[in-house]
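Labels run A, B and C following the written order; every chain starts at residue 1.
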Amino acid sequence: MLDQVAKWARKRSPWIFHINASSCNGCDIELVASLTPRYDIERFGAVLVPSPRHADVLMVTGTVNAQTRGPLKRVYEQVPEPKHVIAIGACAATGGVFKGCYNVGQGIQDVIPVDMFIPGCPPRPEAIMYGVLKLLGEVD
Amino acid sequence: MSEILLERVGKFAAEAKAKIVPLRKGETVIEVDQANVRNFISHLVQDLSVRHLTTITGLDLGENIGIMYNFSQERETIHVRTTVPKASTAVSIVDIIPGAILYEMEVHDMFGTSFEGNPWNDRKLLLPDNWPSDLPPPLLKSSKPAEIRRRLNLEAPTKE
Amino acid sequence: MSTDRDKRLREESAGLMEYSAENLVPFGPIHPSLKEPEYFKIILEGERIVNVIPRIGYVHRGLEKAAETRPWVQNMYMFERTCGICSFVHSLCYGQAVEGLTIFQVPKRAEYIRLIICEMERIHSHLLWVGLMGHWTGFETLFMWVWQDREVVLDLVEAISGNRIHKSMNAFCGVRRDMPEGMEKHIVELMKFLTDRARYYRQIIDTEETILERTQKVGAHINQDTVEKLCAVGPMARYVGLRHDVRLNNPYAAYGEVPFEIVTRKEGDVQALLRLRLDEIIVSANMISYAVENLPDGPIKVKIPPVIPAGEHSSCCEAPRGEIFYYVKSTGGRTPDRVKSRQPTLANLPLALEILKGQTLADVPVVLTAIDPCFGCMDRMSFLDTEENKQWSWSGEQLRQYGINYYFPDKKGKGKA
């Protein structure tokens, strides 16, 4: 019974930790824009938290370069179970326009397991919100 | 370069055995050798008030590394270019222009040229901490991105 | 490895206190801090900062190397993604550097359109920054309202170019899309709206206690000589009175024809930066209105061959954060021989480190945001207190909370988590 309540609470109010892994900031500003009054992801209960230990959902942007792979993995380990990872943008999925550059990975799924990819360069705030809600089963 | 500036630079250029190569209107390259470059830049900064160093560009010129100090003043861009052999040491201008410190670190990371006199010369600015010390600096023509990616473990999935 | 670090840390604290790594007690780290690389290592004596060491390899992707193997036109859209906030100016500066090697001229209409998009980007970037300053000082309402107004500019950019952030409007010797017809009146109205809003926010920052407390006289020990020696650019040079603006000193695109007033201030503190950027929004809005009403007719693009003649050329542009520099060298092929790009944040970093010395810990987030850095730079900071022998690591959010609680202790718990 308590399990059911916890599951319901997580779905209704995802706590999000955002990490920028070598991003150009385009995806980050669209993510932060989804908090602002026009898009207002907070009406779905989503909240950005300051520490990975309080988070349910980890949102990652950027091409993961050699310097950020370690920190990304460490942050992932600090997020308590059950956790979800969302990769935002083309760079987080495949390396984007930088694929083949000498310091760029091939997407974050090489470092941590990913539950959802939101494509776009950068994806619109509406797309980001749709992705988060779809992951949590709010929409189908 | 404008006539007045050209004349004033010409005096110091002769002293420093420098060669003035006008590229087009408003852009000039001045080639100086390592022994005289500090002196020349001091003259530019103190006597001609050309104080704004935009950046320092490194170039792979085959056997040597070219170090270009890009200065700008109003509508003039002045590139002061000097060359050093690969994998050797160049002089630092951090005491003349303190803002040059990060640019010299960048050239050191990318081309392998040490700057003697730069207090942060042994630090990395841009390259990752796990850069293998036997790998050549990335912006040399002989460096291949595929090789670098393999050495930095960026190709294979890291399932630790 | 630890003795190397020991030696380095000892040198950095310049003999103020003898310590060794064994004495340091990690203080509630959220990250496993002692092995965690950080953007800024801040060395404190009690509450005062004595030195700051930067480490900025986190967004290094190797673009300059990749540019040497890609065709000229592909590089334009790659360099656009160097930064999400000033993306158009990056592609413009690269485009101008390459166009200078060819014999072709940019049509007048294209130059005006380039100016319009550049200035819209400047408005969006400055509004973004003012909102962030609100967020970092604990004034969430300012953040929400400013970003709401910013959506107006982004809608306009989307109507013209098709995308909000990475516009891809530039091409060699021209732009890719024309201005939509019949929008002039609407654009002029929106510019008037933005001017009124900028004036309203200007009034807020001059009178609101939250902002005044945290920005007035903060970082005010910088003078013109220091700024010139450290070669700072953009608003970081103009806020001490220097008239450094590429649009004034070395006009490009249509800046020689559209009337432009440079904005400078003399106070040299963070509040001067707020006023300066809001005034620049008003200047940009006026320029856009003028350009839209006086847009010349003609083609928007000249087709150029894929092989660029040999030579070297450099170009400077004024991005919202300062001067951008691109240097391009061609050996007559389909790919460049060398491309060098220098972002303004790198030029302003030595000045930022200098401003931080002597500040208190609570002022760090405000001062670092004041130089308008990229987001990622604020993510991780580590601190070393030589007086109390403590070392710890904070995320940007934790530092922000510390700053708010330091200045407004009765506001504890009311700021957004």
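By definition in this document, a residue touches a chain if its C-beta (ideal position, glycine included) is under 8 Å from a C-beta of that chain, and two chains touch if they have at least 3 such contacts.
This structure is a prediction, so every number in the text was calculated from the model and none was measured.
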{"item": "Touch-based graph of the chains, sorted into line, ring, star, complete or other", "value": "complete"}
{"item": "Selected interface, A-B versus B-C, where C-beta contact pairs are more numerous", "value": "B-C"}
{"item": "Subunit B-subunit C separation of Cα centroids, rounded to whole Å", "value": "24"}
{"item": "Subunit A-subunit B separation of Cα centroids, rounded to whole Å", "value": "39"}
{"item": "Of all residues in subunit A, the ones touching two or more other chains", "value": "65, 67, 100-104"}
{"item": "Set of subunit B residues in contact with two or more other chains", "value": "128-129, 138, 143, 145, 148"}
{"item": "Sites on subunit C at which at least two other chains make contact", "value": "37, 57, 60, 62, 65-66"}
{"item": "Of all residues in subunit A, those that touch subunit B in their complex", "value": "65-67, 69, 73, 100-106, 109-111"}
{"item": "Interfacial residue positions of subunit C with respect to subunit A in the complex", "value": "30-32, 36-37, 57-63, 65-66, 77-78, 81-85, 87, 128, 143-144, 147-148, 151, 164-166, 374-376, 379-380, 395, 397-398, 401, 417"}
{"item": "Complex contact set, residues of subunit C against subunit B", "value": "37, 55-57, 60, 62, 64-66, 69, 100, 228-232, 244, 249-250, 311-314, 316, 323, 325, 327, 329, 338, 340, 342, 346-347, 349-350"}
{"item": "Partner subunit A, residues of subunit B touching it in the complex", "value": "128-131, 138, 143, 145, 148-149, 152-158, 160"}
{"item": "Contact set on subunit B toward subunit C in their complex", "value": "23-24, 26-27, 29, 51-55, 57-60, 68, 70, 72, 74-75, 77, 79, 97-103, 106, 110, 123-129, 138-139, 143, 145, 148"}
